[in-house]
């Protein structure tokens, strides 16, 4: 019921490096998005029984080890990312919320009414695009169910 | 050089309400995304000379008023959204960064190398999807240029 | 799109006092719970068109005034309660979350699996009970939809 | 007199997993609510002599171990839940206090006068409801003695 | 339902100065302790109907003014004292809690069991003592009902 | 010169439990108040040479151990109690300062002039009272020398 | 009983500028140190009846104005200096405490025993020295009564 | 380049205790002030080659040990004193900055112009005075070079 | 002695806009760097008598107005920039300190010994460079006197 | 994917000390600036394959050790420098941002338009200058690509 130990994170990253598999390749083996796989590595998502088997086979880590930390427990989410983030990559995401938060709210309230975009009934992915000048662009998609405030 | 006064925000929202135009319709008139238009309303983006004219015509607010606040000055960004956000809609976006920040970093470093996704050379949009059961889903897309760390 | 001015809160409380109606009586007129009515007074919930009419009739405040502040805008929730709360009554609620948060999570994960109780698809009420010794007890009920984490 | 070591929490969770007993089943054996049992596991409540015996029998952990940590000491409550909570499930409870705190105060002052709902002379429980569409709902009940401010 | 305006505090202090009455003398007229009277002046306690009459007569402030701010509303307590306090006199009280908090808990748990001293069913007073060398000593007494944690 | 190690606290509490002596009984042996004895256990007060001998005899802990931690060093006070306290018992004391701080200052300035109540030239005690209904009440007395601000 | 309004600070500084008197010259007229006079200007010290007369004569501000703000009330000290200070001059003083705090404690405990240097029974002054190279040096002297911790 | 380990602090304090030398006596041997010596013990100042030799001879700690921690590295200053300080002795120094910061600035700007008193080109000392009544007074002197702001 | 009112900032920016002068052109007229001129506009630097005359002539603002706010007072520096900065441009500077602070310290201690780079005996400038691909680069130069820690 | 362990930092500093090489000399061997080399030591920059070889040869640390910590992982930047910094040298850099942040923004917006100076497409260096009086001056140069805000 507590957070997974940092040991599982190290174990999985070491096994992944030895396997030379990317998160995207692991994602295919699990039938999950690569972001979800990385979240699993950090103990920020929960593994299903099938995930345990697939991860074990792909990475050569015993099912018992994986199950005990990522499947038998319920993740203690959110404590890994320091807020405000000092890490430059994560800070940019934070900054987007800080700069455009009110604008998102205005547009989403207009489009959907009074409610929120769920972060639970939710998925996300990261894509790479290269433009004509050869510049790389990162595209993050956030997709969440719209939940209207209940009237009571 | 300072932040726009809250007055311009109220003026623009009142004029928009009177005009019955949506952010999306305003976006078409300005050739900008609706999120950027909402950001303009909050003084979190800068208006070009053409934006001033188009906004003035669409909303019936004088060009002088708009130009003085949104075009002659450079926005003082980021101060409108309290962090951590108390507003439930904005909090969910913050929570996504908190929960998936490390996973985004792991996947993006693998996909792009050592660098960040820019929040400046950046655009974003909000879309609405309705699934077969009639549930609405919100989709937010973040697109930023990949900036590798300079070697020095 | 911004928070209602404190003026509407004062106006509504003054009118309520003049009317001698309780929140529970107002709740009956609106078909809403008394907590929801109090939240309306503080601009922390959104009024429907029917709410505007009913409130106006019950309290003798013009529909225009109420509509402009509580219906045309989308509430900017959560900013009224200082956290951690210094107010003793509100602090006790905060303390319950602080003391029993982990226990709630352990029990709810066991009962429902990996997910959260929604605070959006949500209702709440306050009841009073008097025991045999004449002591009063307050009972707060929180009822929220269970949202399982999406697999992705 | 100090907080229980994290070791007792791990020991109890491991023993509970081996026993396959739920918190509700343990609660029946102790004559306590399942939330109180989970709070005991985290050292956030104090065990009576009978609780020690019942827990020991149910979980196969020695009475000495349980007594030393949960009965001989007085719990150092509240330090386990980080505030504001990052854990999504616990954050929703926090958000309810943040959004409805003032409304609860207004309604409770009206119903009970000047005072607070005790968080000490207090009990709580979690229930599960399934509606006609098959959706699960969580119901949390908070019941505290009403304490009027003393006149002095 | 909101906090009293600072205006009532200024009004009462000005009237008290004009009257040359001390808090202790006012306390006698109200049948309350002088600390409770000072708390009333700051809107941190609630006046009864009799308090309103007595204060009005003693200070020459209209009953309406006093009633509206100190009797019709329920105090929003605790927000007047900045924490940690910068004011040297108040800081010393804070420091006593900081230095002796754990010792108070150890002694009180031993003397009373598992529970708390109520700050609601509570009274306090300040006394002055002069020792043989002519030094003044301040004595603050805190008296609160002992509340044992409920078993549930 | 540094803070005592937590080890001495554990050692003393274990020895006290074995001895079945209460803080009050220990206080009689040392000629000190029971709160001061508990503060000694937490390393928040300094032991005299006589205290070391008396504690050693009462608890069966060697004089050397006690002297090295509680007598040779000067206590690093105040770091044991987290502020704001999460512990419910200690929080109530903090709340009293928060709610009545300004009232104490007003009354004490009136009674004593411009100055502070010392927290150094200071003593404190805890007493238990049982009223006619059998309810227990805790009484904490704080007694500090009054220090007027120097004129310079 | 509340803090002096910023108005008195402005009034006094304007009158001082018109008078061309330095703080040192004002100090001579009041029989107080120049730092105490500056503290008076900011409402961080209390004026005696004689101070009021002397200030009034020196600066041409009416006795009534000065008395009402600096003599009838008890200062609400400490709230003027933001901590940590952003002002570079004040920050250096803060940094001295931060860098040498532990060293001061070690030396003072050795020299004086277990206690503190009072900041209430206290005076301070600022002097200027010019060395042979023509460099100016500032010398701040802090002089406080030593208060040993009471044994209780 | 990193902070000295806490081990050197313990080693030096233990050796000093064994030697029965005071900071003042050590200061004479090093030709430094006793506060500087105490700062060296805490790794908050840098030892010269001569300091290493003198400390080694006085305390019987090997030169290698002292040199590695206090001479080869550059101190990571300021992290030892928690701010705001909880330690009562250090808090009084902090409170002096808080209460008199603005007054110091006003007097020093008047005496020296626009600039700061350096905390780097800086020395400090602690003295003890006993008045006619036998009361001890502590005198702390801060002496820093005056640095005018550069015009650029 | 207090901070300049925001009014002078607005006045100067409005006059600068009317004059169409850049900061660089104003800098030439004052014989100061453009960054220093912008700092003057924000009241974060002090104007000399000559600066007052030159600014007055260049911008058509009366000497009296400028002198009263920027020359008669000593700036209250540092309070204009919120830390951590939310403004994206200022945040990047903050991030550079955060990411490279330890590296700067290591290199500067090696190059200069134990000391600091002064931020008072200090100047700074901003330059623009355009590379062969037409990309603009900003170059900020910080130049401060090296101050070795005094030995005492 | 996690931060390098502190062990690598110690290893590299020890090896550098043994080698008697300066950061500048190491920089020549790696073809990188000395600040970048120091950042590598702290795990705040990423080593290329060539950097690993060059560092290994220069310092006599195995390539495997360096590669595992500085090349196979992506740095978790920014967490090493506490903000606000307590370290005096790093604080001065922070203070420069605090004092001149708004001025930099005003000048840079005027010179470059709406955008930021990148801290990613960025290099920095430290130089030493000795003036005619023999005073040392430190010069830090920050050079970042200018990124205009995208229009969207």
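For clarity, chains are labelled A, B, C, D, E, F, G, H, I and J in written order, and residue numbers in each chain start from 1.
Just so we're on the same page, contacts are C-beta pairs under 8 Å (C-beta built on N, C-alpha and C of every residue); 3 or more make two chains touch, one makes a residue touch a chain.
Chains and their UniProt names: A, B, C, D, E, F, G, H, I, J = Cyanate hydratase.
All values derive from a computational prediction rather than experimental measurement.
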Subunit H (Cyanate hydratase) and subunit E (Cyanate hydratase) - chains in contact with each: F, G
Cα-centroid distance, subunit E (Cyanate hydratase) relative to subunit F (Cyanate hydratase), in whole angstrom: 23
Gap in Å, rounded to a whole number, between the CA centres of subunit E (Cyanate hydratase) and subunit C (Cyanate hydratase): 30
Chain centre separation (subunit A (Cyanate hydratase), subunit I (Cyanate hydratase); CA means) in Å: 42
Residues of subunit J (Cyanate hydratase) whose C-beta touches two or more other chains: 1, 35-36, 41, 77-78, 83-84, 86-88, 91, 95, 98-99, 102, 105-106, 109, 115-116, 118-120, 122, 124
Each pair of chains that touches, named by its two labels: A-B, A-C, A-D, A-I, A-J, B-C, B-D, B-I, B-J, C-D, C-E, C-F, D-E, D-F, E-F, E-G, E-H, F-G, F-H, G-H, G-I, G-J, H-I, H-J, I-J
List of subunit H (Cyanate hydratase) residues in touch with subunit E (Cyanate hydratase) within their complex: 84, 86, 88, 91, 95, 98-99
Residues of subunit H (Cyanate hydratase) that touch subunit I (Cyanate hydratase) when the two form their complex: 1, 32-33, 35-36, 45-46, 48, 74-75, 102, 105-106, 109, 114-116, 118, 120-125, 147-152
Contact set on subunit A (Cyanate hydratase) toward subunit J (Cyanate hydratase) in their complex: 9-10, 13, 17, 41, 82, 86-88, 91
Subunit A (Cyanate hydratase) residues within the subunit B (Cyanate hydratase) interface of the complex: 22-24, 34-36, 38-39, 41-42, 44, 77-78, 80-81, 83-85, 87-90, 92-112, 115-119, 122, 124, 126, 128-129, 135-146
Subunit I (Cyanate hydratase) residues touching subunit G (Cyanate hydratase) - in the complex, by the definition given at the top: 1-2, 72, 76-79, 83, 119-120
